[in-house]
Amino acid sequence: MATYKHFLVDTPAPYVAHVQINRPKKLNAFFEEMWLELKVVFDTLSVSPDIRAIILSGAGDRAFTAGLDVQAASEAGVLKQQEGKTSDVARKAVGIKRHVQEFQDCISSIEKCEKPVICVMHGIAFGLGLDISTCADIRICTSDVRFSVKEVDIGLAADIGTLSRLPKVVGSFSWVKDVSLSARIFSGDEALRVGFVSHVLENKEAALAKGLETAKLLAEKSPVAVQGTKELLNHARDNKLADSLRYTGVWNSAAIQTSDVERAMLSGLKKTKPRFEKL
Amino acid sequence: MATYKHFLVDTPAPYVAHVQINRPKKLNAFFEEMWLELKVVFDTLSVSPDIRAIILSGAGDRAFTAGLDVQAASEAGVLKQQEGKTSDVARKAVGIKRHVQEFQDCISSIEKCEKPVICVMHGIAFGLGLDISTCADIRICTSDVRFSVKEVDIGLAADIGTLSRLPKVVGSFSWVKDVSLSARIFSGDEALRVGFVSHVLENKEAALAKGLETAKLLAEKSPVAVQGTKELLNHARDNKLADSLRYTGVWNSAAIQTSDVERAMLSGLKKTKPRFEKL
Amino acid sequence: MATYKHFLVDTPAPYVAHVQINRPKKLNAFFEEMWLELKVVFDTLSVSPDIRAIILSGAGDRAFTAGLDVQAASEAGVLKQQEGKTSDVARKAVGIKRHVQEFQDCISSIEKCEKPVICVMHGIAFGLGLDISTCADIRICTSDVRFSVKEVDIGLAADIGTLSRLPKVVGSFSWVKDVSLSARIFSGDEALRVGFVSHVLENKEAALAKGLETAKLLAEKSPVAVQGTKELLNHARDNKLADSLRYTGVWNSAAIQTSDVERAMLSGLKKTKPRFEKL
Amino acid sequence: MATYKHFLVDTPAPYVAHVQINRPKKLNAFFEEMWLELKVVFDTLSVSPDIRAIILSGAGDRAFTAGLDVQAASEAGVLKQQEGKTSDVARKAVGIKRHVQEFQDCISSIEKCEKPVICVMHGIAFGLGLDISTCADIRICTSDVRFSVKEVDIGLAADIGTLSRLPKVVGSFSWVKDVSLSARIFSGDEALRVGFVSHVLENKEAALAKGLETAKLLAEKSPVAVQGTKELLNHARDNKLADSLRYTGVWNSAAIQTSDVERAMLSGLKKTKPRFEKL
Amino acid sequence: MATYKHFLVDTPAPYVAHVQINRPKKLNAFFEEMWLELKVVFDTLSVSPDIRAIILSGAGDRAFTAGLDVQAASEAGVLKQQEGKTSDVARKAVGIKRHVQEFQDCISSIEKCEKPVICVMHGIAFGLGLDISTCADIRICTSDVRFSVKEVDIGLAADIGTLSRLPKVVGSFSWVKDVSLSARIFSGDEALRVGFVSHVLENKEAALAKGLETAKLLAEKSPVAVQGTKELLNHARDNKLADSLRYTGVWNSAAIQTSDVERAMLSGLKKTKPRFEKL
Amino acid sequence: MATYKHFLVDTPAPYVAHVQINRPKKLNAFFEEMWLELKVVFDTLSVSPDIRAIILSGAGDRAFTAGLDVQAASEAGVLKQQEGKTSDVARKAVGIKRHVQEFQDCISSIEKCEKPVICVMHGIAFGLGLDISTCADIRICTSDVRFSVKEVDIGLAADIGTLSRLPKVVGSFSWVKDVSLSARIFSGDEALRVGFVSHVLENKEAALAKGLETAKLLAEKSPVAVQGTKELLNHARDNKLADSLRYTGVWNSAAIQTSDVERAMLSGLKKTKPRFEKL
């Protein structure tokens, strides 16, 4: 595994990577250098043949992440950067748009990662923490987690993905609007009830154990099948049924020709664990 | 606040409007003049700088609304209107289509209203009551509420918005079809379980109090942030992820230039309540 | 009712058809001839004027269906068929794509059926069983049912509809990905909690009784209203709000001209059961 | 015909309306009051049973329209209006957005008009003149017409419809970008060559005669057929093929039941002119 | 080649099929049995390994096709069929919708055919003739051809595909509306000028020769490449750019693995004609 | 201007960049290193405040570009790369898909470039040359240019953008399919007739002069207006009308606040050349 400045990345089990946001003294709050590196981490794992499932969590006891480092942003963030350059509203707007798109692209790298990502959240998970977690495939949390779509409290509509993805990962639009408009804190139990997370565990250790168990389960399956399933589900979310079926047929016209099908079937009959070629 | 014939509109708290459907003797059932006025009410509030959150409820003890006033409709409704004009099926169809679109437009004014709308429902909430409430942003109800997608019982597929919006505000398509195909009555508890409402309170008084509390909370935030959040969530519901992210970036390229960001941040640091310019 | 080779079809109540997958000795597992016949069954019921609601279940005590008959598939399935013909990857891909599309079309006949379909599931409901049930309108199950999106376990991304439809029938995307990526078994209670099914009953008998009760309820309503409601909800799932409202207006411009409206209203006033012309 | 302040509306032939932009001294340049009235004109004609085809042209010898009255805009336009109210960029942006949407809605009334609109252009047709003409169904011009997507020359990307519609009414995207990015003037002959207009006539009189001839031809046809054709073509432009075919089937399920089909067929056999009921 | 009742199908060159509408005495006008058989013809050719390109033309000297056989339709068509069954408008509408969809499906078989279809038109090409030709990939005509979107003249908006496809095969929307709203006859030269056809030849013999020459050219290419190109162009027409690029990447991930690439390249170097395996 | 290995980039006029593909000895044929660098060039120009319009051409007398360097591809291209790694069809497919997407992204950088790109083509413009030119905004060519969608001739469906973009830049779908299915060479005059190019000049010198004249014209306009126009036209191409209008309104809510509007208007009145702040 490569070494990163702001992230700890190790492999707790075969084919499983664990990525930790590693700025615990600042509640894992993000500044620009960090999200640029986040993209490098996930772009690398996406095509690494040694990785089949990824766990994403926050280092330390207190937070998954407190979100954007507001102090850093006010000193060196996009508004600060625009200030010196121009006073023209339209030109500032172009600068902001470029910045937001780059920021979005960095966070979207989690969703675009070909391998499934399991996000394990504890303590504080505010603002950017939700942008990040809505990009993950499976969400797990602790019972003490405190979630908030925090942006409204700093005068902003969240723009790094939460407002785009939350209505597509949770079915209750009334709840989505409630938490997004009010910035109120909600708990792991509430998150489970509405389907934002799949599991709530008693503490960080247990939540990570659950994440690892799930990651190992996925890593034992055919990577052709698992990665195809992620791709097809993400495609389905965004497309009409007929388009999704058509895309699925074309996808599988190559994927089904894999030797994994035969290996998986034989292992099923023989009750052995199949081994699959790297991908 | 302006005075309306069929709606009571007052301001129970600063920047909060309360709109009551006001025909309690007839269970707040609607006839054409009422939905035309409903649009005037919400179009006005949408651009009123003195309003930042809206509560919508039904006057009286018995009903949010019983829906369409069927008797009025059979005497003066669209079918009656077409009858005298022509016997040609295609020409009648054009007349009906115009009528349905105008009716839809009136109800959609709630969704298009730039300010968040909190719908508080008690007693009977049938037919048009669901068309209306699916346009609202946050739904709250009493434990005695009786909901029904009633239209099937009068030989109709609901056409004023319920069938278009319900699959997008509730995640369980099996449940959506169950209640829409059968017109069966469902309770507040069931509505909470599937995510149709966000909160169930013991009676109308408590539900209105919850609605007011929520409205006040939203009204204290930056209106730039709150109204942007509503717009971006509604856009996300209807668009592909990539389009939603692109739209968000453009939206915020102007919105982020607001002074509200600085005010909100400063207030956060100083632990004071921020004051925001009207919008 | 016509007689079929692999399906039992009878009419347990007026206007209600009951379709049973009828290969209980093999856990109702499917081979090609069966899904071709499934399409014939549903295409026929779709336009049969004597049917207004359909129940779909599996014969025998042990399974709704175990899914694809893997043994049959490995002996005579698509991969086997391609083998003899060509060794060119692209040509095989074309053959597979044609096969998958035909297979998808057969299963989609349940969704395209103009009459509402209530799927009652017990015992094993694996793989193709989920493809089939996600096409149904209302899902009911027993408490002993064992569900699994099984395909990943045989090296495949599910391609007959589950991955395309599951994100649209269940609101929690975290849960959808969890079960689709892991192929883990989930229970009726879990299915109810996330909204995949609408009701869980104690055993097959009770579940079928619930299905029949629901089907009879739907069969008593105006078929113009019920079938229009199914069509408009399916359209809404796949389309933007504005398109859905426009389509609804055009649909109802003909549908509202039915005599069912008057019959239903009169019956409502007179407290009698309306009778509706066949459709 | 009603009388309007800024438009001349008369009926040069049965079922044909002629709308003239009537501010010839100012080259038919538009200020706000005018586009608000334009919407009233077309909304009225849209549902007038006495009108089946509409000609739109500019009064006087010199111009279809010079576009936005820039002087009026700089004195009382949207920017001027925002100025006094607020200096907050985000609040100004909201005000501008509301203004642009209202302006767009007014011009779109031409496209939404149920009756076909034939736009006849001569002399100057700049800026807003193109926004307007791209909403029309059929475009005719004189050989002396001078077209320009003028907005770039006043520091603006055209926002009242030209940039949204021009790529959909002309097939050559290279040409569309050429004229939109450069604001260069193009002639009627060039417009014909790329398909922007259908006919070029030698002068205004001849162009109006051609417009009238076409309008009369359309006005003699079944209004059910003509208005359905306009609706279905506009739907097709914006939708996928499968959606367009589906919408067409539903549309015609009512429209085909018109008596116009029999009348038209009989007249065809008898070589007489059919007469159709008003619509 | 199979023998058909209403179509002549032969193979004028290797891998080339020629389909002729064969009812010359009635100007190749269509009745229901014919379009049902048309679908059989094209569904068969679509998967026939011996065919790589198809020419479609009309038998006899006088017409490609006069379109729908209006007399047959008035005696046994959809309206006639509905008449006896029910007088309920909504029920008639359902019957009509089913009929239109089946009719559309038959004609769409030309577009869905995996092999490219070259449509050669002469004499009369009215109504259904345009529905059919807009499904083809390449259109060729004679200089004496007379085209008309005829439906408006019999009180109908064309519903078998012309209104859905014409705006997508011709770039000038003004022209599309002109001919669709007016039903006026247009010539081969006009068709060439607007891009509806690719070539105009002096007579039927020359047009067929041009069609055959084109078909032979396509039939000599790699069928993997040609059929993939047809599929990807049809996908592009209906989808956003990003979706089209994504689909293309997945499509070619299998297709590029064909041995045709090597064969084609080698032949290119050696200046020989490549031979490709059947598809 | 930065210096590049495979591209010459200079500034022939203020705010105008000229990018030349610079491998004339090999007919400017591309290998992987080149398209990776192409993206760097255009990503850099996209945000360079000193550039407002870009000309793209091929160095040397003989070719814009012959397309993919087939020899290099067969020695070091994607198929070669996959060969060594795996023999599993599905795994090869994943590798190919990654490669194609990266390749597409590089070429798409021309389209995503915020500044308008004018493509000037002479001599040979085959295969990848068309992928590249369909990304440009305005196309100009010489009368001796020879165009070909060449991929079919090497056993491939073009996958780097031509098949996705050509149907959206040229209105005649019959012509698009003709040239894409047959790989036949077409001339500049034919390209002009169908609207693929905007201008044909007698030789390379004249074509470059025309390109430069156009680029200078665009570079003199407000960059806020020009770049907004490019963005909105590209958005319109891919979106429904209502979405495009909505996006336009939001875009201009910031853009209109630019000082360029006032500067442009004043210059218009004073007949002077406006000067605009960098963007």
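Remarks
We just call them A, B, C, D, E and F in the order they show up, numbering each chain from 1.
The rule is simple: a residue touches a chain if its C-beta (ideal position, glycine included) is under 8 Å from a C-beta of that chain, and two chains touch if they have at least 3 such contacts.
Keep in mind that what you see is a predicted model, and the values were worked out from it rather than measured.
Least step count on the touch graph, subunit B to subunit C: 1.
In a homomeric contact, the two copies may use the same or different surfaces; for subunit C and subunit E, over half of the interface residue numbers are shared, pointing to the same surface. The chain pair with the larger count of C-beta pairs in contact, out of B-D and D-F, is D-F. One simple way to say how far apart two chains are is to compare their mean CA positions; for subunit A and subunit D this gives 48 Å. For this pair, subunit A with subunit C, the centres built from the Cα atoms lie 33 Å apart. Within subunit F, residues 89, 93-94, 168, 170-172, 194-195, 224, 237, 239-240, 242, 250-251, 253-258, 260 each touch two or more of the remaining chains. Those residues of subunit F that touch subunit D in the shared complex are 116, 137-139, 168-172, 194-198, 214, 217-218, 221-222, 224-226, 228-233, 236-237, 240-242, 244-246, 248-258, 260-265, 268, 274, 276. Taken together, the subunit A residues at the contact with subunit E in this complex read 239, 243, 247, 250-251, 253-254, 257. On the side of subunit E, the complex with subunit C involves touching residues 47, 86, 88-91, 93-94, 98, 114, 224, 227, 254-260, 277, 279. Interface residues of subunit A, counted against subunit B in their complex, comprise 70, 74, 78-79, 89, 92-94, 96-97, 100-101, 104, 108, 151-159, 161, 163-168, 170-178, 180-184, 194-195, 237-239.
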